[in-house]
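Worksheet for the structure shown next.
In this document, chain identifiers A, B, C and D correspond to the written order of the chains, with residue numbering beginning at 1 in each.
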Amino acid sequence: MISVADIFTVIAVSAGAFFFMAGSVGLLRFPDTLTRLHALTKADNLGLGLVVLGLMPRAGGLLPALKLASVWLLVLFTGAAVSQLIARAARDGDQDDE
Amino acid sequence: MTAAVVFGLCGAAAAGLGLYGAIANPRPLRKILAFNLLSSGVFLLFGVIARRGAVSAFSGDPVPQALVITGIVVAAAGTALAVALLLRFFKATGSTTLSAGALASIPADSIDE
Amino acid sequence: MTSDIILDCILAALVLAVGCWVIVVRDSFAAAVGFVAYGLLLTLVWVRLDAIDVALMEGAIGSGLTGALLLRASSRLGAKEQSAAAEQPGVMLRAVAALFSVIVAAMLATAVLYLPDPAPTLAPEAAANASATGMANPVTNVLMAFRAMDTMLEKVVLLVALAGVWSLARDRFWGARPGPRFRSDPKDPLALLAQTLPPLGIVVGIYMLWEGANAPGGAFQGGTIIAAMWLLAVIAGLTDAPPVSNRRVRLALIAGPLLFLIVGFGGLWLGEAFLAYPVAYAKPLLLVIEFAMTLTVAVTLGLLIVGPPDREGAP
Amino acid sequence: MAEFLQFASGFVSAMVVLGMVRIVRGPTRADRMMAAQLLGTGGIAALLLRSDITGTPSVIDVALVLALLAAFASVAFVVKGAREASGEPEASE
């Protein structure tokens, strides 16, 4: 017997996995550093958010579900700040290694 | 084939890799990195012994796990000391290798004043 | 089950691939980034080995503190470090090193394959004596009670390492504040990050310490997280490292081992042996020691990473 | 359900591995750092899925620690670009 919650989980987690794929493909295929950053930060934070959303009904209670959500919010916040910083470092003449 | 065996072999290989890097790379920073790899390999071997010691209620033998926890902290402290030494050496000589030329060029006043 | 083993093999291969890359890549900054990735992968490995306490530690140290330390070191050494790459040792030395490493790795691998069966374990003893401390996390029990001597001396090792780092200071800087002074810029996203993250991180650190009694976590994990949060505030220029001659800093450094020693000698006097806790008070005593340990771990690790005193203005 | 989540966790891990090629290829330091950032986020997702599959809530704590500290290494990288390059008194002899 498949419940509504299970269907929700499958849809959300699949969508999350799709965004992870989009982020990785963007990171590999986009032509320069800033566009790659753009692809990555949006896609993988959304991907994680959808995975968290899908797992929340299965967490078994309000508090574990909130903990899952707080992991995501934390990643969202630090990810946003750090990608700003990386973007600025890239703009201010980041040196190539090779 | 169990998870313990897979990661045990992985730990053995990581220890070998770290050993090679620590001997063969002339740059001290890379030797520090290699030592960290070596220690992580040894920790993994401990982890395997802990995993194999699992009995009904426990997921592993807690004694090796506790040893690894203290080990990781000590390895971090050792790394910090090594990096501080390296940076001080770099400031004194302007060199990042331990070649004889760099050692000879330490100005006397930079050691103490 | 079989899919689990396949995933394990892939994870192990990945760990080794990243490890190889860290060793062979020319650029040291790239190697340091590789090391951060290696630490993250290792965290996943510890989860797969069901050692959550260790996974927490590796996640906080391997990819966090040590990774940041090595990244900073590689960028401070800068271009000089790259030109040094020319001084490769000869083929002969490298071949001998490779042969030696392969032999060592093969011996370790053989040891792994022929470990005694059934495996020796102290888990039943740890389980049987768990009631003596009133804590349910076996790893915390081992760290704080059954092998408390190791843990105490390990704190002393950290202090010795810190004394080593501080002794690299030049005479005229002795007693001053360690590390560079970072400038702060209120409009910087870094400042926002450093204002918002540490309060959350300190809550998580204390939660780790508290959870450590009954679930994976403990003083080491909590202390490491708090140290990282403090370093973040220092790097953003929001706060400055205290002078190494500061009395309160010194007190925080020795709080953990000192309390351990006092309780240890108390055990000698009141009970049966050094570090024998009276059973009735075991849990509160251990919690107090753990609290002091968290403080000591946080301060020691933070100062270790900041480095030796390095500027004018000795008090 | 467990099989689906197992598959999802494998898929997310595979995608992250794909992204890790950027650590190797670079070419700039920012690119490498970004790929490490992706590994952090993907690792967190894999850990959360794993926690659900095996029913071990404490694995979520590991994800929480990674979420806090993944940013830390990146900050160490950025600070050098913004501050030390612009005249930190490095050589104070």
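In this text, a contact is a pair of C-beta atoms (placed from the backbone, for glycine too) under 8 Å apart; a residue touches a chain by one contact, two chains touch by 3 or more.
Given the structure is predicted, the values throughout are model-derived calculations rather than measurements.
Looking at contacts between chains, the pair that accounts for the most C-beta pairs is B-C.
The chain with its CA mean position farthest from that of chain C is A.
If you average the CA atoms of chain A and of chain B, the two centres end up 32 Å from each other. Centroids built from CA atoms put chain C at 28 Å from chain A.
Per-chain Cα centroids separate chain A from chain D by 11 Å.
For the pair chain B and chain D, the distance between mean C-alpha positions equals 21 Å. Listed for chain A are residues 74, 78, 81-82, 85, 97-98, each touching two or more other chains. The set of chain B residues that touch two or more partner chains is empty.
Residues of chain C found to touch two or more other chains are 29-30, 65, 69, 76, 190, 193, 197, 200.
Interface residues of chain A, counted against chain D in their complex, comprise 6, 9-10, 13-14, 16-17, 20-21, 23-25, 27-28, 33, 36-37, 40-41, 44-45, 47-48, 51-52, 55, 58-59, 64, 67-68, 70-71, 74-75, 78-79, 81-83, 85-90, 92, 94-98. If you check the complex, the residues on chain C that touch chain B are 4-5, 8-9, 12, 15-16, 19-20, 22-23, 28, 31-32, 35, 38, 42, 45-46, 48-51, 53-54, 57-58, 61-62, 65-66, 69-70, 73-74, 76-77, 80-81, 84-85, 87-89, 93-94, 97-98, 100-102, 104-106, 108-109, 111-113, 115, 119-124, 126-127, 138-139, 141-143, 146-147, 150-151, 154, 157-158, 161-162, 164-165, 168, 170-172, 218, 220, 224, 297, 300-301, 304-305, 307-308. Chain D makes touch with chain A in their complex at residues 1, 4-5, 8, 11-12, 15-16, 18-19, 21-22, 26-35, 37-38, 41-42, 44-45, 48-49, 52, 57, 60, 63-64, 67-68, 70-71, 74-75, 77-78, 81-82. Those residues of chain A that touch chain C in the shared complex are 74, 77-78, 80-82, 84-85, 97-98.
Put simply, chain C touches chain D in their complex at residues 3, 7, 10-11, 14, 18, 21, 29-30, 33-34, 36-37, 40-41, 43-44, 47, 52, 55-56, 59-60, 63-65, 67-69, 71-72, 75-76, 180, 182-183, 188, 190, 193, 197, 200-201, 204, 208, 211, 215-217, 221, 225, 228-229, 231-232, 235-236, 310-311.
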